[in-house]
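Note sheet for the following structure.
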Amino acid sequence: MKVRVKFFAILREKVGAAEMTREISEGSTVADLWQALQKDYPKLDVPGIRLLYAVNQNYVKPDHALKDQDEVVFVPPVSGGN
Amino acid sequence: MKVRVKFFAILREKVGAAEMTREISEGSTVADLWQALQKDYPKLDVPGIRLLYAVNQNYVKPDHALKDQDEVVFVPPVSGGN
Amino acid sequence: MFRVTNDPIDLQDLLDYVGDPAAGAIATFIGTTRNNNEGRKVIALDYDGYPEMAEKELRRIGADAQTKWPICKMAIVHRLGPVQITEASVIIAVSAGHRDAAFAACRFAIEEIKKTVPIWKKEVYEGGEVWIGTQTGQPLPGRS
Amino acid sequence: MFRVTNDPIDLQDLLDYVGDPAAGAIATFIGTTRNNNEGRKVIALDYDGYPEMAEKELRRIGADAQTKWPICKMAIVHRLGPVQITEASVIIAVSAGHRDAAFAACRFAIEEIKKTVPIWKKEVYEGGEVWIGTQTGQPLPGRS
């Protein structure tokens, strides 16, 4: 099955793309997808970064199982500041 | 000696004047002036009202002694609300 | 910028005044005339004020805020005279490097205004009018 | 009114939206680009965002605020792209019958925005640029 991955901010810069389609196996979780991406794009392994996972514009847990045509975003730390 | 008294809000309505000049004796306090005014204008005795005293645009205590040409204002409860 | 006025208040004037390259946060508060109060249907509010002393107290509030929090600039404008439903009777704007200070100073300013600034509010409601704070003999906050 | 935009934000649009005859208080917060951060001289900020999800999160914040406080209306607009010194990156406006609720909901909104809304800030400073929140490996607030 296929999922669409969008990249923002530092991850977009690291991967050099705003969006891509990935083939994944049934039962893959978002955490699995992230590991696979890090293997293909070693620069995605930003030291110390803490990510949230979003599927179809909702935050999900790392063990969330993906479905065909899902839109997946790995969310780096948001703007913060005080 | 003479002082100028300004009236605002409910006190202006009660006394029917925005401003007046009063002759007072040496050593009079603002509280003395207020008592004298209440005698001349019984309507100024608004039940339950709590006043602040201002002389020359500063809040003062009731025993503040007045000087010639002072500008005196009796300050009813300010706008309040939440 | 600390003043009272008989004209409608323009928030943009206050924002222009408090704008500052060192500010990362601007908090504002706008007090508006509400169409109801304690079950009464309000038609308008009518503010009376002692302008020279009111402006002096507003400046004092600004100076106090400057000593309490690291803010850049503060502006307060209070309107006098009739203020219709949805119109602003008071606007406060505070700029600061960070939002904690901006919020704290803005909140402080409106609480102080309602304690010590010689401005009085007459509520004109269906069936009558009343000077707020005077009708029930409630204790006056602050110095007495 | 919950949206992201590439254009300058007009506070008056938000005020027009939240205006309400039942409101006695409007609190606003404006986040602006500050000329310095942690000792660096900042030239500008550049915001990236995931617009559909950002607007969804902003609506969620508005709905949460409505359940927590008796407010009338809330508006949040966040800008994306470059934001120059003194310009607004985010504006929040909240109307309520009374000021307690307006202040509380406004404060809540900006804290939530900085935790969960997928918008990222790149600081362009003299000598470099950095994605804020990413540079030090600091823990991400909120869900993880």
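As written, the chains take the letters A, B, C and D, and residue 1 is the first residue of each chain.
To be clear about the criterion, contacts are C-beta pairs under 8 Å (C-beta built on N, C-alpha and C of every residue); 3 or more make two chains touch, one makes a residue touch a chain.
Because the structure is predicted, anything quoted here is derived from the model rather than measured.
Looking at chain A and chain C, the chains that touch each of them are D.
Each chain's centre was taken as the mean of its CA atoms, and the one lying most distant from chain C is A. Here the spacing of chain A and chain B, counted between their Cα centres, is 72 Å. Between chain B and chain C the centroid-to-centroid distance comes to 24 Å (mean Cα coordinates, whole Å). Under the contact definition stated at the top, the residues of chain A that touch 2 or more other chains are 81. The set of chain D residues touching two or more other chains comprises 24, 99. If you check the complex, the residues on chain C that touch chain D are 11-12, 15, 19-36, 85-86, 95, 97, 99, 102-103, 106-107, 110. Interface of chain D with chain A (complex): residues 37, 47-50, 52-53, 56, 113-122, 131-134, 136-144. Of all the residues in chain A, the ones that touch chain D in their complex are 6, 8-10, 12, 46-52, 54, 57-59, 73, 75-81.
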